[in-house]
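Each in structure tokens, the structures are laid out below.
In the two complexes below, subunit A is the common chain; its partner is subunit B in one and subunit C in the other.
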Partner chain A sequence: MLNYIMRRLGLFISTAFILTLIAYALHYWLNQSHSQPIINGYITYMIQILKGNWGISIIDHQPILAKGLKSLASTLELSIFAFIGALTLAIPLGIIAGIYRNGQIDYLIMSTAIIALALPVFWVAIMMPTVSNIFHLTLPIDGQISPIYEVKNVTGFMLIDSLFTTGTYHFEAFYSRVRHLILPSIVLSLFIFAETIRLTRHSISMVMKSNYINAAYSKGLSTVQILRSHVFKNIYPSIIHDLRSNLSTLFSFAMTVDIVFKSKGSGQWLLTSIHEGDYIVLPTAILIIGGFILLSSILIDILLMLTSPTKRITLYVD
Partner chain B sequence: MSINDEFDKKQIRTPLHYIFQIFKKKVAAIIAVWIICTFLFIIIFADFIVSHSPSEQNMNALLLPPYWLKGGNTAYLLGTDELGRDNFSRLIMGIQRTLAGALIITAVVSFFGLILGALASSLKNFKASILHHLLDSLLTIPILLTALIFIVIFGSSFQNCLYAIAISLLPQFIRSIFLSIETEMAKPYIVALKIDSMSDLQLVKNVIYPNILEPLVTIINRVFTMAIIEITTLGFLGFGVQTKGTELGAIIANNFEFMYLSPILVLAPGITLFIIIFSFNVVAEGIRHAIIEAEQ
Partner chain C sequence: MRIILILIYFFLLTACQGNESTLKHSLVYCPEGNPKLFNPQLVDDVATIDATTNQLYNRLVKRDQMNQKILPDLATHWIQNKNENSITFFLRKNIAFHHTAYFSPTRNFNADDVIFSFNRMLKTTNPFHAICPLSDNYFFNHPFYNSVKTIIKIDDYTVKFLLRSKVQYFLDNLTDNYSIILSKEYAQQLLAKGTPKNIDYFPIGTGPYKFKSFSRNNLIRYQANTKYWQGKPSIDNLIYSVTPQSIQRYAKLLSGKCEVIIYPSPTQIKKISKDKSYRLSMNSTYNIILLAFNTKRTALKNKNVRHILSQVIDKKQINSTIFFNTAEVVNSILTPDSWAFAPNLRRVDDPSKITKKDLALLRHNVSKPLIILAPKKGAEFDPLFKTIAKIIKYNFDKIGVQSKIFILGHIDLHKRLNSGHYDLYLTRLKGNPYHPINMFIPILSCDSKAVEGNSARWCNRKTQKLLNNILTSSRLKQKKQKYHQLQKLIQREYLYLPIVHVLRFDVMQANISGISLNPLTGINFFNVKKQGSH
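And then the complex of A and B:
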């Protein structure tokens, strides 16, 4: 057990080391004046990074690390919202499609999934205001929160920070934030929705073929009982594992969505900085976003290992 | 019926032929194949299809609706944009650029990816672990960020966008290919062939690749989908815009402000993009199912 965690930690450290090398290479290329040899330069760079001096933005003279983390938090809020929405819909649909494999309802669900996967994200994002207009929904179409609320930056997550302002605004700032999240998270959830349906259907149909399901049927259990006690425990590790490997693709889409909705997330931060010629954000973004995705995938690995016996096999193998 | 019956037209010659026989019976996939053929026709003969130059402006015909609506003109099939440029011609040229770009990226990435993936699977010990850690760290960087970095390094133009996207898609492709090869390698028949002193290269070429066709189709389709989405996203964000050329994402970004005056400006390129991605996905699904059925 400890051995496994140590190995994951080793993987984390070596991968993070390569990430810093990539970031440094970019940093070195962007800085035209080189006063030190490369290796000394890398050591100085790493010392600065570890001290927290990640540089100052030339646009507004704010520290880049704080800006990057704040925009990451905004993108994360969006992604978590999208995840919750997509998974609550997609997992039941995927299960239905997997059970009635090759039936009418399966074709219907899978066609929906393929259509959702084929819709270009940025196009859906710019069509979204029009679509919500057709249904007479008045939802905010850009920004992070209504500008009339003044929310102090405490945790960086606007949703949590707005809860600290309940003294002045009651829950209005919080509602405003939630309303600003609805349209972007619907757009982002399309991709997660389609992927999850596909993955769930695949793993369900794999599990339903196995002998222990036949045995459970012959014991006289109903489909619902089998789903609850046998199937679900066996499919969730593979679904989570596959979603984990899609994290960076998902983050790409989240960045696109927050650029279109101008929600002050990582995408908008990068884009405005690049347009202003503030290229120092690029190595910072590699470290922040890459580091975040790396950390979360390793945490998911460890969590899966703790909760699922099938993944625990790796503990005994070597 | 004997398989080698010379007079039977439906005789099965090779596994690929058998897969094709099954594929032919899938109606949706065949329709999608014809749609793709139409798009390929558009790519090749775009210059002859367009009625106007995509940059030709007509100040007397600004923001015209498509011809079937009131006020439309048959000279401009899909109407005009805010500078009086023909939407239809711009759309056709946009399809040419975007789709051809995506197909080239897919071909290049698949070519290098298949070679590098096979090499990666034959590496042992220290070299393999270095490669895997490198891939692991490259995979944590989102494709859009990698593409933006390469555009900053190369400079912004359509060609550099293609390079940037190809490079950013390569690690994912190598990793997926490697994983499929790895699962196939663990099977007993491969061990038997290895004992029979077959070299790794021969094994990969003659045994592994024919047997991982099904995941291969999925992976290549994924690369194509990501390539076309990234090309249009970068075009939409304003990278790779050229004065002469047009590109579907750039057209959408350009027409975005006038969406409420003339919805067709944004609808037409978006729906075209959707049809392209959708039909490629349907064909890939069809091929995949045909392979699975053939294997059974």
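And then the complex of A and C:
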């Protein structure tokens, strides 16, 4: 167990090292004056990073780290919101498609999923306000929250922060935030939705073919009973594992959606910084976003190892 | 499962309908850009002036928009001596400066604040004079350098200005955006704390709204000044939501996220003017887009060549294709609302009048492609220069004159202008309706460089004399005549071809009233009223 975690940690550190090298290379390239040799420069750079001095934006003189983390939180909030929405819809559909594999209903679900996967995110994002207008839904099409509400930054997650303002606005600020999340998260969830249906269907049909399911049928259990007691436990590790590898894609899509919907997430932050010539933000963004994806994928690995027996095999491989 | 989800969404949707406007005492205004800082003494771009002059500050005097009379503001009244070389202001008592999270005033406004505010601009020894990198600006000191000798404090509520210029000229300058009153007490506190730069970024004034917070590219929050001497404004929270794209501002107006917007995209103006739920306001900006002819270039030395080229440029087409007829085609560099405007200037553009002889003359003179210069960014009229330049090029192509367009950034543009290596320069001229001489001198005087405005590189003894005459003459009628002569000269010699006068458009929801707009001091939200919710 400890051995496994150490191995993961080793992997994390070595990847993080490469990440800092890339960030430093950018930093070195952007800085005009080079007073130190490269290696010494890297060491001083790393010391500053570890101390928390990630630099100050040349545009608004705010610390870059704080701004970067805040925008990361905004993008994360959007991703989680979209993720939950997509999973609640996609897993049942995937299961149905998997059970009735190659049936009419399967074709219907799968063609919907493939169409959803084929639509480019930026295009759907642009079309979304028009589509919502056709259905007479007056939903906000840009920003994080109505500017009327003044929400203090506590956790960086505006959904949570807006709950701290119930004293002045009741739940209005919270509702406003939710309303602002709906359209962008629908756009973002299309990709997760399609991907999850595909993965669920695949794993279901794999599991349904196996001998222990046949054995369960011969015991006289109904399909629902089999699904509940045998199938679910066996499909979720592979679904989560495959979704993990889509994490970076999901995040880059979330950044695109950020830009189109002008919410103050990572994408918008990076874009405006580059537009205004605040290039010093680039290495910081690489560290924050890259570090986040690295950390979360390793955490998912450890979580999977703890919960699923099939993945625990890796524990004994040395 | 799906049904639950749909129900949740439905619940959220219905619960939120209409909640956005429940906070009746907030107003959201969507400007195009960020203010550079919060002090209109230093910069004069639309975004900064709109965010500061009328909202945060007061001036000694202001101008009545209807009859152009000068009215008291922080000064109750004033007297001038017979020689017209000094003026004494009597100040209003019991005027409180803003009480904010970063400053609590211990005393009311008095003569010290007036002297401090003007000395910041006038005296290089003032510790705040050069504190801001943006203070290296024409407006920061010029108007008062020429007109104010010294300022004397007679008592706490009486200040005397000894003048170099005429009183009227000085008073006119006092009504402008840069003549605001700052707090001396606040400045001294900042100096003691070692953060004097904050004076322009965390503003303290006496105006109807006080500063709360600012996040770049996002929001400015102002709060009503409950102690405002003319009464508390009816809006508690004034919010500026910075939205750079015109189409997005329009979308936000339609969805109710913005209640007032500046510059809707020109394509939408016709539609908005027909829609009864919105009110469109149109104002002069004194901004003229013009084309300068470099008179020192061999190709353009001949006046007739400049004439033919002027004839070809289709101003109407520029107005219709770029401004969707929302600008005003002009023949003078002064806008028609200025007192010095010459009304009987003729229209120049008429390509049908070009004869074969003219074309032969062009072929003889213009051997190389003409170089058309244009700035990359024209502040509030952003990408337009490029398109206007393209139309001009197209017009030239039609009569067989070759041309090349150079869209240059700030630094390269200045280099080019200094070197004189250009034929035509497309630019914007910000007018001055009260003292047009301030715009004629830069563009016509021999002493003025191309970068400072004389991009026609015009230097002529007669013109110089005319300019001097205006400066020295005191009779209005004479002055007016001379201004008319100058405008005719520009047209007769084809030095500058005025193309259009750009108008400012603001759109507000129909339930909002009381917003006033002044071309020089920007938007004013003091009297704004909001009726019910829409």
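FYI, the second predicted complex is superposed on the first by the 318 of 318 C-alpha atoms of A that agree within 3 Å, B and C clash if a C-alpha of one lies under 4 Å from a C-alpha of the other, contacts with A are read in each partner's own complex, and residues count from 1 in each chain.
The criterion applied here is as follows: a contact is a pair of C-beta atoms (placed from the backbone, for glycine too) under 8 Å apart; a residue touches a chain by one contact, two chains touch by 3 or more.
For clarity, every value in this text was computed on a predicted model and none was experimentally measured.
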After lining both complexes up on subunit A, report clash or fit for subunit B versus subunit C. fit
According to the stated criteria, A:14 is in contact with first (subunit B), second (subunit C), both, or neither; which is it? first
Using the superposition on chain A described above, determine whether A:120 touches subunit B (first), subunit C (second), both, or neither. first
Subunit B versus subunit C as contact partner of A:92, first or second or both or neither: second
After lining up the shared chain so the two structures overlap, which partner does A:272 touch, if you call subunit B first and subunit C second: first, second, both or neither? second
Partner chain in contact with A:286 - subunit B first, subunit C second, else both or neither: first
With subunit A at the apex, the angle to the CA centres of subunit B and subunit C, rounded to a multiple of 10 degrees, reads 90
Decide which partner touches more residues of subunit A, taking subunit B and subunit C as the two options. B
With both complexes superposed on chain A, which partner does A:29 reach: first (subunit B), second (subunit C), both or neither? first
Quick check on the superposed pair: does A:68 touch subunit B, subunit C, both, or neither? Answer first, second, both or neither. neither
Subunit B to subunit C: minimum CA distance in the overlay, Å? 5
List the residues on subunit C that touch subunit A in their complex, please. 1-2, 5, 9, 12-13, 15-17, 19-20, 22-23, 26, 28, 215-219, 221, 237, 239, 241, 248, 251-252, 255, 257
Okay, in this complex, where on subunit A does subunit B touch? 11, 14-16, 18-19, 22, 26, 29, 114-115, 117-123, 126-127, 130, 248-249, 251-252, 255-256, 259, 267, 270-271, 274, 279, 282, 285-286, 289-291, 293-294, 297
In their complex, what parts of subunit A are in touch with subunit C? 59-60, 85, 88-89, 92, 129, 137-143, 146-150, 169, 172, 175-176, 178-179, 182, 262, 264, 272
What residues of subunit B sit close enough to touch subunit A in their complex? 133-134, 136-145, 148-149, 152-153, 225-226, 229-230, 232-233, 236-237, 249, 252, 256, 259, 263, 266, 270, 273-274, 277-278, 281-282, 285
